């Protein structure tokens, strides 16, 4: 039951914050913080207990929901889900703290939306029933739309609608795939169910598998985003309020990666193996294309947004290389990108709040008046370029190491991304904090609240960078299970056709 | 019998035709009432006595009266007095009266000869209707009640705003 | 009911319906349109009752009663709207009440 | 004693953390104390550990201290572990001692700077990273240090961040070295793919069994490692960043861009010598790159007028010597030259820093002059450094290390007379540009007035460095002069000894004489050209060919312009052109089509009720018609 608590505490907190907002903004904020802190405590307790028990899954909830349709309220948390939920709650807390001063209109409704989106994201990470998964998938979408459309910047309507259309279309394709799988499985076994553990291993003909995979990938690649489908992201990230950007970049994109890992590949491993080379090409294009575009931007939030495209390319590359090193790398990259990009967006928000602009050409020389902010900015820019000692490096290096086994030329090209990421990272430091202070900015430095939350993010990045052991160990079993599940299906289905490449699905 | 049906049908069609071509609203309403009466006669001939009664009472009696109220409300003021007078001319009511007379004659004929009281397969008694209505169609009855309630609320709501509108006149029509 | 041709009952209903439809299409006064709609519902009622008589079952009349209820509600709201429109625009010409034009 | 090894990099890191967290609020003396203490204690410890290691060598001549397992994923288990052997002992001793005295110098030199604590924080971060680099037991940890020093280099070049030119130089340095670093990262991946480990000792132990001499993977691995090395050590073709890196403060140039970081490439190649031995083509490439670089850079140094740029080009040139040595397999000679170079080049930069500060931030050689009397201590120490750089015979450290390289370039199995000749020509040019600089700065008629004289801390540092610049060479001397081979003996614990081809005694004497004479000729030529016949030089510079050549060399053989046109500008233009993301046009187009369609459909929304009614009726008729139609044709 604890899983249901973890999932819905933020939602309840959001409702309470909304109700409390009529007494002013402060109670709403404190209630949100309290709800997330309680959630975090619960989660850590669960993690500790789960580690002790040594069981594969930390916690499971199985309740009937719509039995006539084979829909169950089924949540399960293994190491992978645990890490991602941890990231969600942690970043959620940072997002609430980051919007402490920036949001003045409709504070209660804002916090309700924020926490409702978090609930949707947590739900996505723990759902073990495809119908429930789809439910949460859509649940996180709507509050996110409101966050952008109501509290965003100048072009918020455009961005919100674009975001909604892209993700919604992908989601519908996924719904079609889920239903197709449901009926195919039901027809074959007579057991009409949406339970993931039943559906894994459904024997599919190659054509069916390809279509179903396409449906899933339509949702996940848009969300990730992979390159031809990424154009919603810069707009949405740029126009969203700070907390919205943090959640978008830090968490929402991760649901795409998680979906591929948990659903797309295990459900149709054969088709996924077929698709893997193409996916890796897309990933490498994303890495380079995103990085080059990031460099070209003038809007600081847009710049950071495009770096996400580049970094999520590494994640995609790692997932489709599908060996242990690469998968671990992809997971670490997911976590670290969430934290570091979240922090960058918090800093962008702070900069915009202080200077009133996001235009890089109008900034410059800010170090003098805000050295602490500059140090933070520098730190997270370095994290973005993958400096060793920071978590992003661990992720990127493991991905490259794993991808080398899958494809040498693509790995070399992906490594070029490291150079281009340096270019945009130093560019974004130069344009903001270094150089001449032409506009005579005198901005206040970071306050205690901001410093504390950023220091926490910084500590996480360094922790993962220098001692990622706990994270890798937590995820190891679940990643191994995913690999085994896919592998077993492959063995069963095409024993004679299996090639010599053991590591690939 | 056939003739009775055809006469009633012809009357209904003629009255309806006049109703939709009439240039004046009251004119059209009168013809339409006649059309309804003609249909009621047809119902009678078909053996649906209950429906015939409802047709006259609810349709011709209640709904059409509502129409006439509205027509009268549309042009209030001194001009309406003159209009009232205008409506009382025979040109207005002669046509409907003739058709109504034909129908009346038919009814009198039936009453006299008893030809209308046809027994047989076509006859459906009100009791049967009632049983069906509150048996298999109970849900429909409930839904109809909801529709009527919605109509009531809607009309009331519109009337409320009509009354509140600045410059608008206080008009309280509690229809339905 | 030896004599009454039930097919002709349906024909009459159809003709009445057609007249009502023509009224809806050709009249510009909203009041007349409403009236024509009533003609159409009435025609539908006639068709139901005729069909009910054909089979000798009460269902036709039951549905007629429903139609009656719907017509009553429709007229109530419709006439309220007519008044509204008249108060707002001073006319009942539907061709001039086209603010919903896209 | 050896168990305190981890403290050596940890102490500077601790100083960095302390200064970064609270340095802004500390008084300057406290900052200076913490800043120097971090590296100073580390230096003391490094010396103690070094002597301990030298006197009581541990088993296998290597002491390994594993701190924790960095990460563990699918057979990839690099550790955070340090390894002390002869090579790293030399490196840590040099780095910490040089680092400490440069920091001591900085306490005075940087006084009054706005970012005083920031400077000391970065410097300590650098020292810590550099020590991590040289002590790393596996390549991934080495890579961490490698990137760490690159980062510090970036931060310190851009130390005066207000001037955009400095920031640009910093960016350039970071990006160019990052190109090399990426090659290095790929090299690591190749090595892991073949050895399933990144432990340096394991790779070196297994490589002869795993790879044949001259096999493809070995060549690729060596080439990629070399890519990293040329990036960091500013060798061809990635040398372009170093001259611009002189935008940083002088102590930074001394520590990072002369003494330690730029030699990291040399260290890497020496450390991975086994791989290079297995790839003879690549090793030959190392030698050729070194030889070409040393000539190119020496020629460029001749044409510079900015004192620090002269020194920067000379650094590139001297590292070219080290690469030449590595290329011919003279591992210990390269490391020896690294050590001597660290001292004399740091000395020269510190001296240059004094001169620049004395003249009020003046860099131009031609506006200096006659400083011999105004700054005597600086003059003598600068002269010591310059003599060592020019390798004036017998009394300077540079002579012994350079002579060793020249000798082995000739006598090694991989060596050749051509490489030797290039080195010798380089020695002549070195003498020429070094003394051109000395004469222009300290002799001749007085230029700008002196406004600031060196204080105690600066003087101490200069004296200490002068001492080392003159005496370190006595650790290793040619057999003909005195049979002292302390240095190579010590290093032979870790690095293989070069099997020298026997050379006849006459040739040997000839080689020594050449090495003796070439710098002297260069120095005298410098004297003749700058002091005796300045008009002649000016005339050459004014002639058409002369001025073209001068501009060409001033611009570093046009590499900057080449990269600018080939890489930078196309990249920037392409990026800018695509700022609004060409792929978005597709979606924008879709949206446009949809809105046009919607506009069209809006037209049907006329607002006329009767038209709608007609539509409904028509629809009903069509639907009924269809029903009738299909009923007829079942």
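Things worth noting here:
In this document, chain identifiers A, B, C and D correspond to the written order of the chains, with residue numbering beginning at 1 in each.
Everything that follows uses one rule, which is that contacts are C-beta pairs under 8 Å (C-beta built on N, C-alpha and C of every residue); 3 or more make two chains touch, one makes a residue touch a chain.
This structure is a prediction, so every number in the text was calculated from the model and none was measured.
Counting only chains that touch, the fewest steps needed to get from subunit B to subunit D is 2. The chain with its Cα centroid farthest from the Cα centroid of subunit D is B.
Centroids of subunit A and subunit C (each the mean of its C-alpha atoms) stand 59 Å apart. Chain centres here are Cα means. That of subunit A falls 37 Å from that of subunit D. Put simply, the C-alpha centre of subunit A and that of subunit B have 67 angstrom between them.
We define each chain's centre as the mean of its Cα atoms; on that basis subunit B and subunit C are separated by 11 Å. In subunit A, there is no position where the chain touches two or more neighbouring chains simultaneously. Subunit D has no residue in contact with two or more other chains.
Residues of subunit C in contact with at least two other chains: none. Under the stated contact rule, the graph of chain-to-chain touches is a line, running from one end chain to the other without closing. You'll find the chains touch as A-D, B-C, C-D. Within the complex formed with subunit A, the residues of subunit D that make contact are 20, 24, 68-76, 80, 118, 140, 143-144, 146-148, 151, 154-155, 158, 161-164, 167-168, 170-171, 174-175, 178-179, 181-182, 185-186, 189-190, 192-193, 571, 574-576, 578-579, 581, 583-584, 587.
Residues of subunit C that touch subunit B in their complex: 1-6, 8-9, 12, 15-16, 19-20, 22-23, 26-27, 29, 31-32, 34-36, 38-39, 42, 45-46, 49-50, 52-54, 56-62, 64-66, 68-77, 79-84, 86-87, 92. Against subunit D, the residues of subunit C that register as touching in their complex are 21, 24-25, 28, 30, 33, 94-95, 97-102.
If you check the complex, the residues on subunit D that touch subunit C are 601-610, 613-614, 617. Considering their complex, residues 162, 227-228, 230-231, 234, 292-293, 295-298, 323-325, 328-329, 365, 367-368, 371, 375, 378, 382, 387-389, 393-394, 397-398, 400-402, 404-405, 411-412, 415-416, 418-419, 422-423, 426-427, 430, 433-437, 466-469, 472-473, 476 of subunit A touch subunit D.
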